[in-house]
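What follows is a structure written as structure tokens; I'll ask about it next.
Chain nomenclature is as follows: A, B, C, D and E, assigned in order of appearance, with residue numbering initiated at 1 for each chain independently.
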Amino acid sequence: MEIRLKGISHSYRDGGLKVLSDINLSIREGEIVCLIGPSGCGKSTLLRIIGGLELPSAGAVLQVGDPPPTSLNPLTYVFQDFALLPWRTVEGNISLALEDHPIGRKMRNEIIDGVLARTNLTEFRKAYPRQLSGGMKQRVAIARALSVNPAVMLMDEPLSALDSQIREILMADLIELWCRENFTAFYVTHNLAEAVRLGHRVAVLSRRPGRIREIIEIETPLDQRSADSPELGRHQQHLWEMLRDEARAADLELANV
Amino acid sequence: EQAAAADKIKVGALRFTSHSASFVAFERGYFKEQGLDVEFVFFQAAQPMAVAIASNDVDFGVTAISGGLINLAEKGAVKIIGGALHEEKGIDGQKILVSKAAFDAGVTHPSKLKGRSYGITQAGSSFHYMAHKIAQKEGFAGTEIKVKPLHKVGAIIGALKSGQIDAWSIVPHIAKALAKSPAIHVIGDVADYIPDYQVTTVFTSAKNAAGNRDLVKRFLAAFSKGAADFNAALVDKTAGAKADEDMVRLVHKYVYTSRPFEKAAPSIRNGSMRINQGAKLNLKSVQDQLDWFKSEKLVSQAVTMDMLVDKSYVKIY
Amino acid sequence: MSDATVALTAPAEKPVRFRGGGFRTRPLGIISPIVFVVVIGLWELGSQSGLIGKLILPAPSEALQALLELIETGNLWKHLGASLQRLIVGWTAGTILGIGVGLAIALFSYVRAGAQPLVSAIFPIPKIALLPLFIIWFGIGEGSKIATILFGTFFPTVIATYGGVDNVDRTLIRMAQSFGVSWSSIVRKIIIPGAMPAILSGFRISIAIAIVLLVAAEMIGAEFGVGAYILLAGSLVATDQLIAGVAILSALGLTIAWLIGKAESYLLRWRT
Amino acid sequence: MSDATVALTAPAEKPVRFRGGGFRTRPLGIISPIVFVVVIGLWELGSQSGLIGKLILPAPSEALQALLELIETGNLWKHLGASLQRLIVGWTAGTILGIGVGLAIALFSYVRAGAQPLVSAIFPIPKIALLPLFIIWFGIGEGSKIATILFGTFFPTVIATYGGVDNVDRTLIRMAQSFGVSWSSIVRKIIIPGAMPAILSGFRISIAIAIVLLVAAEMIGAEFGVGAYILLAGSLVATDQLIAGVAILSALGLTIAWLIGKAESYLLRWRT
Amino acid sequence: MEIRLKGISHSYRDGGLKVLSDINLSIREGEIVCLIGPSGCGKSTLLRIIGGLELPSAGAVLQVGDPPPTSLNPLTYVFQDFALLPWRTVEGNISLALEDHPIGRKMRNEIIDGVLARTNLTEFRKAYPRQLSGGMKQRVAIARALSVNPAVMLMDEPLSALDSQIREILMADLIELWCRENFTAFYVTHNLAEAVRLGHRVAVLSRRPGRIREIIEIETPLDQRSADSPELGRHQQHLWEMLRDEARAADLELANV
């Protein structure tokens, strides 16, 4: 399944800010596109639009081809603010995503067992969100997304509250999952190392109103990348400079106000 | 010089034609003549009025003899000091009504009320008493009329109209208005069953009755004068058409005020029943009512006539 | 051949289905007058055609007649004025006390333990049953009337308030404590705004109860007042006036509900 | 010298002040019986000493006497049974309808526009004024009694429900939508649990109103029922019986409030 | 002002988990201690205990000496989940922390202006939290903490939702602030680079129940550190290995369950 963004622009009525401006982007089947850009530039908004949760002021999101039949929820989100139901346990929160599908209780329990194990949460199956640490909440959100076997994952800083080892594990998990399932993903992050580790392409958004400044392509196959590869380092350096320029421009703008 | 010395009193009243004696006494200055500066306090029901008199918030009132009144009298809070509304043969009094359904089923006379349902406001109300008196006179047990407490006159009318109860008795102006509708029939007069029924009485707090004799006397004097004017104009009709018209206009200041005069006048005329001359009191009727309350166990057996009535003010018969 | 065709055919391109939206009502101002017009119109038709019995439910036009009479005689303003005064004083006092006691119950364990059961025990006592006591305690003047309304308003406000406070997010309170924000500031700036949706929802209930209680309140020696007017109409079986009186109460309820709606959209403008 | 001393003196070491805690009440079960005992004890003392006039407020012991009489004659169970049945049927029906309509108002713009003003207009109509109509519509049997309670319960439940739904966090709904969770599942699994605190708080109010309305309901041709008992006591100014009847209603209110408390701590156990 | 932790242990009644076990740590005046450790090991809990928001099951937190008089709130928090009042604007949320101090409206406005400028939020002064992106919310939380001029800052992953440039800017801001004000800080993070950039010492907590595994000291003065210094790289590498061992041990433990 492929996703095509055609001339997407968006402003929030409430406040009237123009947030996104003429975004054109095509994401191929089985490709991970990382989105980076300054805070408030519209990354989360773009993700919401792609997921069909927000209607863009202009432009369209097209889905090309059909999702694999095993996918319970082709376009699946991992929210930046977790969005866990406070009245359901960890298990219940994951179950929510599955209950509308005709898969039977046993199957559902198996899926839940699986994703809890993968996110190291087995012990906390019966805990309520208020009893979890920030990182654990984020892991629940990830487990919930994994449980529906998505064809396209829309991930909004999914690892930001996690410690480096869990992050490393989940990143490896994602890569492994991708090698197995070849899912398509939009991945918003602030961590450039993450972006160059996970992205087939990295799209850099300019500051608000967000438009695409550059898209870099990283050739190394996902499963051959390592934290200390010089190619990735080069890319990371390049991205870093680009973003710093953005930030400087923003600073100048502010100074002139 | 009398005005300066005038005693301020509060008189409780309902906006019914039966309370007209006080209205007349006020409008025609009879209270003033007696050195009374009267302020009316209007109530929507008799029971709060009785309580207000017991608590000395109001000085005088007119109401039917109810279980509540007797209980308050037993506690030494209120006393009956005179009579007011009175059933009299020959003058339109309370009527017995039945629903169309019951009428069609043969309840054409009060003797057929056995086993029928009968609307009352509540246990111990005058309606309840009347139902039992009808049964007694027709020779069956009071319990064989099934009384239904419905609390509001409006509710009883609704139930009667829709045939959910069979019978009811009510003051003439309402009875006559209802009888115009095909859904309700008049089958008798209460006066035939309860001769000389003392329907309402004048009462005051026990404190006034015992310790303020002069004030009570002056009130009764003015009240009687008002009653006499009212009887002459609307009940005996001996005062002429002009007086009739004036009286209806006077009463209309207090009763049916929300309706234009033309609409209100017939209701006022229809509702005119005798108010006892000189506020005299039919003790026999009062005794009968008291006995009935006792027999229904609505009041304590220990209540005596002396607890209830102060006989020293008006003529007793 | 056919294989090649299949391969050449571009896969179907379709827009991503919009799944968001909903669960947020839009204001549709025109609907409600229409509903009222339709309801009253049907009723009038029913009455005219004789489907609805005349004695018990008069036609709206007759009630309107009674209402016009009331306006002409100028009595409307006397009745409405008297009732409004009782309503405003009683409701305001009941609300202030209710919010105070509700906050105390929500904030202090001892008050909760002592007062919550008292509230549960006293709230269900019918005001009508207590009328005799009210006469004794507050006399037959305005006191007992206002007290009736005050009591009726007080209890639902208490319950709505402490229910609302119980539901305020505790992390916000912890945050304020970490900044050394004083207890009273926390109550004013976090607890009360956080409980505001529940309190306003409670207002909708308490104001309706207050209007209902006008009738009970004005049983006691009231000369003027919409409740007294209704009671009198009831005892005279003047159904047209009865409905006119009820319509006044309805209009009052509508107006106040509209005001509460305005207050809600102002005070809760921060909500999504 | 002195400088050196100062330098040598270790700076004051004190524990960090605890700023958290509070704003969360502990259950103090013993307090409430004490409060009741004290209140009733004071009242008894006041009555015995003559401070509280005998006429209107009888001593608790007299009310107790009346209550015992009621128990001895076996009438208590007849009255209570009749009332409880009306209460349960009326309240349950009113609650179910109320939650349904409340949800509909909260979820559908058209329903909200049409029904919300109707609710605001009809809620403040005094049930007592409508008794004649109720008799026509529902007869003088159980129907009209249950209908009175149903109507009294319905409106506060509607308001509490839609107030609660309006306050449910929208991000949770968006999350569910992103998982393609069906509309009905969202309502059942997110909207209703999210509105549950408000609905339960509404129950506390609606049950109290239902008990209050027992009296109005049992005005209509009721032979048995606590309300009927109170009405008779009131009209006879038999204050001991009146207080006994009121005490029964209070006890009923307390019991049900306690049950709601239990339901709250079970259904809302997820709260901090 | 100095903070001393003496034998702190903690378990949550609700669930009965032992979360912290015998933590002893002293933080000198003007020192920044970074806390790192696996997700759920009790870092946030420890911070809450230090801030006086939670009472430890055992042990005590002592404060030695007095805070500078200019500090409005000596021990100040930056919360992991922002904790913004939804009914107040950005400005109002910051103002909340100042309103209880007798500093006058003008002074208060000046302070707010200042911290908004430093966090790049001037434009959003009147926005409500629901109109902000995740990173912007975090910046508001930081601005609020800065506004009270804290003597000790308790920061719970304060930069995790921020993009790298803003993070860089705020890190520089924190360093500059520290050079000027010499505040004391506990800084919880998952980002090892952050830990070695900001910490005078880095305390590593073991997995739950958290105890102190090691404390490393970084000698280079804060203002002389740069992202590519070899010393920092060495430290970061060391920390990384330590945490990986922790994670492996946890994995083994899970495997044995």
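The rule is short, and it goes like this: a contact is a pair of C-beta atoms (placed from the backbone, for glycine too) under 8 Å apart; a residue touches a chain by one contact, two chains touch by 3 or more.
Worth saying up front: this structure is predicted, and the values here are computed from it rather than measured.
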{"item": "Each chain counted as touching subunit B and subunit C at once", "value": "D"}
{"item": "Pair joined by the larger number of C-beta contacts - B-D, C-E", "value": "B-D"}
{"item": "Whole-Å gap separating subunit C and subunit D, where each centre is the average of the chain's CA atoms", "value": "16"}
{"item": "Centroid distance [mean C-alpha coordinates] between subunit E and subunit C, Å", "value": "47"}
{"item": "Cα-centroid distance, subunit B relative to subunit E, in whole angstrom", "value": "84"}
{"item": "Centre-of-Cα separation between subunit E and subunit D, whole angstrom", "value": "46"}
{"item": "Subunit D: positions in contact with at least two other chains", "value": "19-20, 55-56, 128, 132-133, 136, 171, 174, 177-178, 180, 231, 234, 237, 271-272"}
{"item": "Residues of subunit B whose C-beta touches two or more other chains", "value": "47, 51, 55, 152, 154, 157-158, 161-162"}
{"item": "Touching two or more other chains - residues of subunit A", "value": "48, 51-53, 75, 81"}
{"item": "Listing of all chain pairs that touch each other, if any do", "value": "A-C, A-D, A-E, B-C, B-D, C-D, C-E, D-E"}
{"item": "Residues of subunit E touching subunit A in the complex", "value": "12, 14-15, 36-40, 43-44, 80-81, 117, 120, 122, 127, 131-136, 139, 156-157, 160-169, 190-192, 240, 243-244, 246-247, 250, 254, 257"}
{"item": "Touching residues on subunit C, where the partner in the complex is subunit B", "value": "53, 55-56, 66, 69-70, 73, 75, 131-132, 135-136, 139-140, 218-223, 228-229, 231-239, 241-242"}
{"item": "Complex contacts: residues of subunit C adjacent to subunit E", "value": "171-172, 174-182, 185, 189-190, 193-194, 196, 268, 270-272"}
{"item": "Residues of subunit C defined as touching subunit D within the complex", "value": "19-20, 22-32, 34-36, 39, 53, 56-57, 106-110, 112-118, 120-133, 136, 155-156, 159-160, 163-164, 166-167, 169-171, 173-174, 177-178, 180, 183, 186, 191, 197-198, 200-202, 204-205, 207-209, 211-216, 227, 230, 234, 239, 242, 245-246, 249-254, 256-258, 271-272"}
{"item": "Touching residues (chain side subunit E, partner subunit D) in the complex", "value": "2-4, 48, 50-55, 60-66, 75"}
